[in-house]
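Below is a structure I'd like to ask you about.
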Amino acid sequence: MTEEIIIAGFGGQGVLSMGKILAYSGIMQNQEVSWMPSYGPEMRGGTANVTVILSDERISSPILTEYDTAIILNQQSMDKFESSVKPGGTLIYDGNGISSPPERKDINIYRIDAADEASKMGLTKIFNMIVLGGYLKVKPLVDLKNVILGLKKSLPDRYHHMIPDNEKAIMRGLEIVEPVHILN
Amino acid sequence: MTEEIIIAGFGGQGVLSMGKILAYSGIMQNQEVSWMPSYGPEMRGGTANVTVILSDERISSPILTEYDTAIILNQQSMDKFESSVKPGGTLIYDGNGISSPPERKDINIYRIDAADEASKMGLTKIFNMIVLGGYLKVKPLVDLKNVILGLKKSLPDRYHHMIPDNEKAIMRGLEIVEPVHILN
Amino acid sequence: MKDELYTDIVKEENLVYKKTSLMTDNILSYCPGCGHGTAHRIIMEIIDEFGIQKDTIGIAPVGCSVLAYDFMNIDMQQAAHGRAPAVATGIKRTWPKKIVFTYQGDGDLAAIGTAETIHTCNRGENFLIVFINNGIYGMTGGQMAPTTLPGMKSSTCPYGRDVDMMGHPLKIAELVALLPGTHLVSRQAVHTPAAVRKTKNIIKKAFEYQLKAKTGTCFVEIVSNCNSGWKMTPVQANKWMEENMFPYFPLGDIKIEGKLVQ
Amino acid sequence: MKDELYTDIVKEENLVYKKTSLMTDNILSYCPGCGHGTAHRIIMEIIDEFGIQKDTIGIAPVGCSVLAYDFMNIDMQQAAHGRAPAVATGIKRTWPKKIVFTYQGDGDLAAIGTAETIHTCNRGENFLIVFINNGIYGMTGGQMAPTTLPGMKSSTCPYGRDVDMMGHPLKIAELVALLPGTHLVSRQAVHTPAAVRKTKNIIKKAFEYQLKAKTGTCFVEIVSNCNSGWKMTPVQANKWMEENMFPYFPLGDIKIEGKLVQ
Amino acid sequence: MAKVKGAIVVDIERCKGCAVCIGACPSEVIDMSAEVNGKGYYYAYMANPDACTGCSNCAIVCPDGIITVYRKKLDT
Amino acid sequence: MAKVKGAIVVDIERCKGCAVCIGACPSEVIDMSAEVNGKGYYYAYMANPDACTGCSNCAIVCPDGIITVYRKKLDT
Amino acid sequence: MGELKLMKGNEAIAEAAIRAGVDAYFGYPITPQSEVIEYLALQKPHETTGMVVLQAESELASINMIYGAAGAGKKVMTSSSGPGISLMMEGLSYIAGAELPCVVVNVVRGGPGLGTIQPAQSDYFQATKGGGHGDYSMIVLAPASVQEMSDFVPLGFDLAFKYRNPVFILSDGLIGQMMEKVELFDFVPRWTEQEIIEKNPWATTGKTPGRERNIITSLYLDPGIQEKHNEKLQAKYRKMKKEEVRFEKIQCDDAEYLIVAYGSSARIAQKSILLAREKGIKVGLFRPITLFPFPFNEIKKMANQVKGILSLELSAGQMVEDIKMAVNEKIKVEHFGRMGGIIHSPAEALEALEQKIIGE
Amino acid sequence: MGELKLMKGNEAIAEAAIRAGVDAYFGYPITPQSEVIEYLALQKPHETTGMVVLQAESELASINMIYGAAGAGKKVMTSSSGPGISLMMEGLSYIAGAELPCVVVNVVRGGPGLGTIQPAQSDYFQATKGGGHGDYSMIVLAPASVQEMSDFVPLGFDLAFKYRNPVFILSDGLIGQMMEKVELFDFVPRWTEQEIIEKNPWATTGKTPGRERNIITSLYLDPGIQEKHNEKLQAKYRKMKKEEVRFEKIQCDDAEYLIVAYGSSARIAQKSILLAREKGIKVGLFRPITLFPFPFNEIKKMANQVKGILSLELSAGQMVEDIKMAVNEKIKVEHFGRMGGIIHSPAEALEALEQKIIGE
């Protein structure tokens, strides 16, 4: 199994840490993983993205031009990455701030209104965990218990009190993700 | 014609400027010339030497290991360069401060007591011109008039008042140089 | 206000303030609230007011303001980290009638560029140095600068600057003021209207000197914010700056017309 | 004096002064009368007196004293031009109990090494900097130094230093004295017995501080001669130094135990 | 009596929502919008336009230089 | 009365003839030789040995550190 | 098995430094490697292993701090990128000349000049041929994974002290910024002062009565002695060439074509050879791990087996010169590479192989 | 015929700068090239041609002064040696990246580190392969006489402005310190301000209403743009390789063996081939004048004629790599060279040829 994912959105949306938790989850179940962010000043106020690969084999290139899954959190990223999903692959997006929703017919498309949900829950910081929950629902490649372990590993000790909220957010994400276009 | 000369002595004895005047003299009679000094802090209080080449042809290496003529002005230089005179070549030395005079039998050897002469003349600064005169006597390869021209060219204008003394010194050198050992 | 009234007021003939055309229309690459933008603008306003666009050459540093040339509508050179004063020296010495200024951050000017700063000021190179002191390396993500305050946190002193280990914040303006080569040394800010006006006046003076005669180096420090590096909102950052930076780096003129102000 | 009397006096038991064994027997590479030799010797005498040969590491610069390690009988490192304070920082930070000093000329310390000098002093690195200010680049044949006096001739200012073009002589001791990191800053000389004694006392103090505690950087400037570079005899040079260098670089303590002397 | 009235134009799409202008306004004219612009920032607007005197304080501290100020003498 | 008498030993071959010691001697003991040493330098010597008090001034300013000083109390 | 962690390459270097018993890190921030010093600052190894971490005023200062501490027998390292590394050229030449052991990391970004902060491999010449003045060489290790970022730190120090020579780790923004699983090696205690003195009898640890004073210098005014010194250095470099060549071969046994690539390009190439084999083209990957000493002989051998070689580098073509020198026109050798921070995709690399090498 | 003078190589460079209408020299003293700035200081060209001469606080400062003045369209140069040149690596990379014309002179001394001040040729790699970071190249001219020290200054500026690229003059302590007869070329007036603006429309001479603002930068944050920029640079370098190769052949027509040597070694070799021919051995001398672009093709051609090549360099063997790349094992290529300031004698060089090349 190899899963190649891009997560893309604004800086500040927790894109990088979401990728990190996912990668750590992979390690928890003995997979090979890689996590490659965009970096540098273009991140300042701009967009951020990270490529995460989970695999049972040694990972070759950590940089990709096409992905099994794209998780997209703003319009700029949609413009940039919609076309990079492999035919038959998956695109998950947060509807908030998306002015032109994805139109491809050769991929599976899911929508998760995580931003709205997060503010409803009064926990805007765990927005990204809701999205992660949505992803895990759609692609249950890692065990939930490993995700929780990954979460623990990737959070510094001083933030461990936030784990329950994060768990809650993931569970919520599992519930609210919605298919938009499914291949049959 | 190619003449390869080393002039060696203490720093401060005018070794470099003597070489320079010789080289300029060569230019005055349309020869190719090169002048290559030892340089650097080992000169500080130590020895100085310069290799001068006069030639009718394009000069190849400005650095040599053997010389047609060696002009030697202290014992250290004698120790270093006596053996570098080509067989059949010429060695000219100032007797002052030489504790072991040259002993080679396969070269022409001349002695010129220029230091003594200079202090006798009350003109210690033109010591090197006396030596030059001696050389010109032994190896009349450049015309005296070109030497005077060379002298003018190589002295900055502000020192031109010293030319008569220099000329006098050269003339004196022509007179006082003495053969020590001559090949037949 | 009624819409009609509004449209009545918003008319060319009623214009009282508008961004100078010497600022390009490119969107500033700075974080929201960052003082770099204001500092840029007042310099460009002065150049505009003096009508010296065609005579002015600016030097951008390495730091957040590395892209200053995208925003300032004048001829500019981007200099290696810390070397803007040397670059400016090269220009001013060979084009003595041009008006030259450098624009540098605290890492650039007071860390890696210390030797160039000191020697440029010591030679009294006849140009203006604008020094943006925000107490941090903004561009590279908030590392400690020579001007980071004692106890202040940064990514390379996450437990606060320990002056015993890392030294005290460097007051480089006070140092260069001691050099005979400097003509004007002043420390200002740009976070309030009053501060902006004052700073603009000082910088204007510096340009005037350079336009008139060879007087020596003018050095204007602007104590500024870096809300990203400090991890605050812009408004918090400005407040924090007043409360913490200004006591250590007191605003005011340090040297005027070659004389120390005391 | 009768020969018998002479031999009667010249006996081991009557010895009152002898070159310390911490100076090697190598012949000094310095020109006749050059102050470098004296400066070397007093440092070695102090190390001898404190019995800290085994704990001391010296840093030689690039300059005439580049070969200091040939003369000082202690462990030494030769540093790149201007970087001796950085080299010393590397040593002292990793061997905090060793006694460390740099020995640098004015070109080394106050031109190319300005940034390292300022930042080392600003961090208060806990070692001694001995700074030989002879107003010229001795080693490379007498070029202008940052400390060359106004009007003074050198091979790169053969018509005299023109301060308008080349800047004023840099008083770096006064600059580093302003930095909180320096504990002792003093300017001395070594051309007379009295000067030597005074300088030795100051340097001794600096070693004492370092032996006792972490106090900060000690910076001792020695205004010295360069008769080769100045094109004078040694005796003329010392006189010229008194008449010309001392007025510009006045001797005396500038900062003692962290406090400016006024 | 002639009264001076001011007005500002904020280039909304370039506003970064830093709110520095708010504190600079002596007349408490400005506030941040409830909605975000295309860049995702809440932007400044004249919440209390009647109070504006056209003093330009807001404009000269706006780091992005995106406030234009007008002023007119009104006859009352 | 006990009189203190001094004497110096100059390492002639290492002397560079700088003459700095001459001026340092309060008792005008030292002068430069008429001959040069092996390095070509005129060297310092006790021209007026009786005057030497062994004060060491010459030695501590000798840049080359080549003067050794002795002192003895003589009974007169 | 050692502790498993998900780390950035830059963090792995820093963690490895702490674990390897490094005595000090001196550095100056620059993207894309500032995480090295940031990680160290956060970990405060001063309070655990006693390792010193100091932000210098510049790269010039940091490389000379390295010189000082290394000369005093300590295990020290620094890291930087492009412009900062260029500023270290004088210092590196001194370090090599004075024969001091240390580890220097370059997390390469695109140049020349200020360039871009995105990954590149355009500092190969600088690292392998000597960007500083004079005849000197450094062992250059090229990690291709976060694991190797960690492992090459202790290896680097072993080699540095074995040869009394700087060891250079030539990484890049991709390897530095990516996270992967790393197995961390166990903590090695820092050398005690006594151990330092015993292991490095040449170091300036203070002259004790028993020995001559130790001198660290690269100055030899007498050309005769300087030449002897240079000959000694050259002998050392020859020994490295004999004993320290390291490389990895992937699917080379049956290969008809070869990609030679190091570091991040080797990662890309790994995928390219998979894609090639899916298409039925037998491509192997030869990955030099030491760029100096370069695996000339091994590549020469491969040239007897394969029909052509593509050098894949994030540069205008630098390593390709060494490959050409190894292969000597026996078979076709071409370069393909993107520049300026653009990273070639695996597919693109394969396409280049097909067009430039297999093509005709 | 121009004025004839006896001059040091270093003085010839300085005099040529004044005559070539150079606008400014910025530099810092270092042996064996301090005569360049000393000569200029003495001549006071400021009072005649208006040329600016300034002693900078360091080589870092001087190379960045060059950057500034060159960016403003002026003809500027600097010179240094070994350690000082290494300190310029960042600046040179910036200058190349920002495409600025200037002339930089290295009067090479023995390294590494502080080394010796005697002549050497061990900075060949640094000059030709890029000692700074990133993919860049400079035209490298290697003078072998005082005359060429003079002539290569105007030539260097012509090439620098033609390509908007730094030109490097790789000399050494021998050529710098020796005096020879030079024929001085006539004074060329400095460009007027108007000429500068017209000839260098890209320079920062002040934005006039008629044109867009001019920007001098080497920063391209967007990798796509950076790559385009790099491609433009590479195209320029390819053009240089095509159009700017310069070399000299001496007694090559009937040569059975070849010495390849540049600069001072070429002078030594000239004598060696005389000695060889006295012994009846037909040796020719191939002297690359441009080290970048290197005369690969011409040497390749010579490899069809001669039986073996000796690369004679005052180094551990650097240019020999380029020769090997040119020759590709067709014939034997060996290096001979002394190091550390020792200069091979003509006889020694010939002996090396006999042993290493003719020998078996």
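Each chain gets a letter, A, B, C, D, E, F, G and H, in the order it is written, and its residues are counted from 1.
Note that in this section contacts are C-beta pairs under 8 Å (C-beta built on N, C-alpha and C of every residue); 3 or more make two chains touch, one makes a residue touch a chain.
Keep in mind it's a predicted model, so treat the numbers as computed, not measured.
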| item | value |
| --- | --- |
| Where subunit D and subunit E overlap in contact partners, by chain label | C |
| Leading chain pair when contacts are tallied as C-beta pairs | G-H |
| Farthest chain relative to subunit H (centres taken as mean CA coordinates) | E |
| Centre-to-centre distance between subunit D and subunit A (centres being mean Cα positions), rounded to whole Å | 63 |
| Chain centre separation in whole Å, for subunit G relative to subunit B (CA means) | 55 |
| Chain centre separation (subunit G, subunit H; CA means) in Å | 29 |
| Cα-centroid distance, subunit E relative to subunit H, in whole angstrom | 60 |
| For subunit B, residues contacting two or more additional chains | 40-41, 45 |
| Multi-partner residues of subunit G (at least 2 other chains) | 31, 54, 57-58, 60, 83, 90, 94, 98, 113-114, 117-118, 217-219, 221-222 |
| Where subunit D touches two or more other chains, by residue | 31-32, 66, 78, 80, 111-112, 114-115, 119, 146, 165-166 |
| Residue ranges of subunit A in contact with subunit G within the complex | 20, 23-24, 27, 32-37, 39-41, 58-65, 153-154 |
| Subunit D-facing residues of subunit G, complex | 23-24, 26, 52, 54, 56-58, 60-62, 64-72, 74, 76, 90-91, 94, 98, 193, 204-209, 213-219, 221 |
| Residues of subunit H touching subunit D in the complex | 28-31, 34, 37-38, 41-42, 44, 54-55, 57-60, 83, 113-114 |
| Interfacial residue positions of subunit C with respect to subunit H in the complex | 53-57, 59-60, 66-67, 69, 72-80, 83, 86-91, 93-95, 98, 115-116, 119 |
| In the complex with subunit C, residue positions of subunit D that touch it | 111-115, 118-119, 122-124, 146, 163-168, 170-171, 174-175, 178-181, 214 |
